[in-house]
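Structure in structure tokens, see below.
The first chain written gets the first letter, and so on, giving A, B, C and D; residue counts start at 1 in each chain.
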Amino acid sequence: MNLTVLLYFGGFSLILTGFYGVLTGKNLIRVILALGIMEAGVNLLLVTTGFKPKAIPPIIVKSFKTLSLPNFADPLPQALVLTSIVIGFGITALSLALIVKYNEENGTIKMDEVENSEEVVE
Amino acid sequence: MNKVAALGVIVILGIFIQMALHDSNPGKGAFPEKSSSLVADSYLTKSVSQKAPAEISPGDTKLENGAANVVTSVVVDYRGFDTLGEVTILFAVAAGIGLFLKKRPHFKPRQPGTILKTLVPLAVFFIFITGSYVFLHGHLTPGGGFPGGAMMAAGVVLLALSIRKSMRSVFFKILESLAGISFVAIGLIGLYTKGSFLQNFLGAGALGNLYSAWLVMILYFIIGIKVAAELSSVIADFDQMEEGGKQ
Amino acid sequence: MILYQIIVLVLVLVMIAGAVAVVTAPTNFSAVIMEGVVALTLALLFLLMAAPDVAITQTVIAAGLSTAIFLWTLRRLEKVERKEKNHE
Amino acid sequence: MNQVILLIAIPLLVAFSMPLTGKLFPRVSKVIALLTLLFEAIWAGFILFNTKGAVSVVIGGWLPPFGINLVVDHLSGVVAFVVSIVVLFSIFFQLSSGLSKKPNFYMLSLLLVASLMGIIFTGDLFNLFVFFEIAGISAYSLIASGKNSNSSNGALGYLIPASVASVFYLVGIALIYSTLGTLNIAQIASSFSSVKPILATFIAFSLLTLVLLEFEIVPFNSWVPRAYQGAPSSISAIFSSGLALASGYVMLRLGVIVFNGGQGGFIRTGSFELGHALFGIGVITVIAGEIAALAQKDVKKMLAFSSVGQMGMVLVAFSIGTHSSIYGGIFALISHSFAKLLLFLTAGLIIMKTGKSKYTQWTGIARCSPLFGVLMLIGSLGVIGIPLFSGFWGKFAIIGSTVVLGKIGFIATTLILAASVVEGFYFFRLVHTMFETGEEKVPKVKANFAFWLISSLLVAVIVALGLRPGIIDGRLKKIPGELIGNAESGYVQAVNKQLKGSKK
């Protein structure tokens, strides 16, 4: 069993499941949750790109020769994921506040009811 | 969107992804046999701008970057500009929520019992200590400014939930502002003393010591404070709008 | 090594099941809780993938704070709905 | 050139300090924000004036593939200058229009301009993503600050598709990193042709989704009408003139440099002709945008859809990828920025003073205050591309470049001309309505000094560019040459030179 392939599969499944949720969701809370699932999936995907079987965390705790590196995991994708998690939280917080405002303005948290009253050209 | 149509889109996208990942044409694929990273080894051996030393051990002082946690060195030092953008995002979220949500000042907080009143501050005290430990040791151990700041913000949540007093977001705003100013100011000092924005002007220190990797440590401290203040001010805004429902 | 692989496999499957549950859950509340489960499983997975920094951040921010503000919002929206019903 | 970082750092610094100054002296903080925007415009002009060719600037002292770099060349200089002017004028209009806004509004516009500068100058794919997110978050909040009941709807309608697109952008980054092992745009450009073709196509699509969404291209532009309608007019103006310009710039950068290796001709990834797909999408966008604009009664929505049509035309030009079409595309983008800015600000002022947002209700406004009619007319002429006005030269160059393409070129030419006719129809319908005599008495619309200053400057620019494109031609004509080189583009060369010059 190839772990990398499995993790890629997991990441893409999450992204596609979330995407399905975003496409079909009427309730705004559910759409934002589905977005969160997509973000989780892409974070997994990013970490997987720096993953090697039997890797150890990229923290230097004992000495090593630079010619023969220990099997460190790649630190760069991990750094990117840190950023991506925080960005995801920011988007979630902002969209929840927007939903509250939307609810105050339209009296609902369903998207399509308002959408129908306007001409939206795809 | 129609459920069937959405399912169709997902299936098509899935097939496209499958084809892309298992492309049999010649060239570089998504699953390289050897690690393709051009940059990771240089980060790990601290040899981005100088030659890699033969051996790296804790306590070395001549490295270009003294953080033992390589992820931290990437987040704060090698790609510090991204991190500036990241704290800016939280700042923008806090500012945005403050801009478009109406504040509701009139509400009566419920008074908590004595047990909560005495125990929660104690718990929050320990949470703050842990949070600051996490971001002060960010260059040595896993963790760092973001989780540390978030832990402190969680302490603030606890306070808000138990004490039920209206949270004053002014304090957070000032803290946030000061931390942000010092982040950019450190960047500008680097620009005018060393020649490029956010460049390390303090030296690397000894690998693995608490008082090492000065710039990383200071920046992570600032990030921790800033993240804690920003998250707290976001939560304060949420708290106020939640109270607003009760009035 | 086999044990490690099995654990990863189980975690990935739990995560996918959780994601499907978020999309199909009957109520908003259960969907939010399932999202928390997915985030925590992912944090465990990160820990196994030699990414402790990411795991900590994921636990505190994505699983903790994110779920908290979701619940906060839900309570707020429910209150408004209840108030509206009372008015009617 | 090191000082280019100030374009990003200074607005961030001022924005971070605004919670302090905003609490203490709210009025002063707004003026400080405006002065910062003025500084941006001056500094961007200074950078542009000193640009001789592509230069790479490192951040943090780490060389490009390891650290993040900024790249300054003629293209980024010109775009940054125009964007900074657009934001300056819009925010000046907002500040002087009497609709008071909280200090947070100006803070977020500073963050927006900082992130647009970041988008323009950065040389790193992930950094580009971070700046897109900052721009997005400031944009959603600014839209939601609108007073009408559509603002939160517009903001959410923009947030959800943009967030989905940014997830796909991150997928693209993950795949690029696992395949090529780097995130630096120049390094990716020089090795992108070695990626397997289907994978390369997938990566290109996932990266471009976000860019095309911000660039208002069909089918990713469902957010456009709602967001434009919900936002305050000054913010709609920034979207249509600033954000669209910046994302068009990214489209050009990624398309021509990364996916094509700077070889010129149709943009391709591996064996797949991405350019054909983009050409097709562009054609559909032009048709859909112009027809939708024709059907609109709401003036702001009409202007929004007209922007969509124009962006489609620019995409068609970029996807052809010859020297003259790239030149024409950039010229069209820039002139569209100025003309749309004038239209949005004038329309915004009229809507604000009269409270009427549909053009059918505007009957007779120009009878009472004819200068507004003239401003709308000049803006429209600038967008349509009548000779003597700025839009003409862009369309002229694009049409000139399509002629050599044979059948496809014929389609493109016909399309652009037909689009101009449709544009002409709905813009003249608008202006004509304004000059009609209505039954009702219309109040006289008054504007303050700031508005007259901005609008006369914009009119001057539109007419000057129309009469003498030579003013900016010298710099614009160098851009295609920098993008499309014989072996490597000037952009890639600049970064590689820096690598070779290093000690390592």
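Criterion: contacts are C-beta pairs under 8 Å (C-beta built on N, C-alpha and C of every residue); 3 or more make two chains touch, one makes a residue touch a chain.
Please read all numbers here as calculations on a predicted model, not as lab measurements.
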item	value
Highest C-beta pair count, chain pair	B-D
Length of the line joining the C-alpha centres of chain C and chain D, rounded to whole Å	37
Distance from the mean Cα position of chain B to that of chain A, given in whole angstrom	16
Whole-Å gap separating chain B and chain C, where each centre is the average of the chain's CA atoms	20
Whole-Å gap separating chain A and chain C, where each centre is the average of the chain's CA atoms	12
Sequence positions of chain C contacting 2 or more other chains	51-54, 57, 61, 65, 69, 72-73, 76, 80
Junction residues of chain B - those touching two or more other chains	17, 21, 30-31, 35, 37, 39-40, 43, 69, 71, 79, 82, 85-86, 89, 92-93, 96-97, 100, 142, 144, 146, 234, 238, 241
Residues of chain D whose C-beta touches two or more other chains	126, 130, 133, 137, 140-141, 144, 151-152, 155, 175, 177-178
Every chain pair meeting the contact rule	A-B, A-C, A-D, B-C, B-D
Chain C to chain B touching residues, read off their complex	51-57, 59-61, 64-65, 68-69, 72-73, 75-76, 79-80, 83
Complex contact set, residues of chain A against chain C	1, 3, 6-7, 9-10, 13-14, 17-18, 20-21, 24-25, 27, 29-30, 33-34, 36-37, 40-41, 43-44, 47-48, 50-51, 54-59, 72-73, 78, 81-82, 85-86, 88-89, 92-93, 96, 99-100, 103, 107, 109
Residues of chain D that touch chain A when the two form their complex	126, 130, 133, 137, 140-141, 144, 149, 151-153, 155-156, 159-160, 163-164, 167, 170-171, 173-175, 177-178, 183, 218-219, 222, 225-226, 288, 292, 295, 305
Residues of chain B touching chain D in the complex	16-17, 19-21, 23, 25-32, 35-40, 42-43, 48-51, 77-82, 84-86, 88-89, 91-93, 95-100, 170, 173-174, 176-178, 180-181, 183-185, 187-188, 190-191, 194-200
Complex interface listing, chain D residues touching chain B	2, 5, 9, 12-13, 15-20, 23, 57-63, 65-68, 102, 104-105, 107-108, 111, 114-115, 118, 126-127, 130-131, 133-134, 137-138, 140-142, 144-145, 151-152, 155, 175, 177-182, 187, 194-203, 270, 502-504
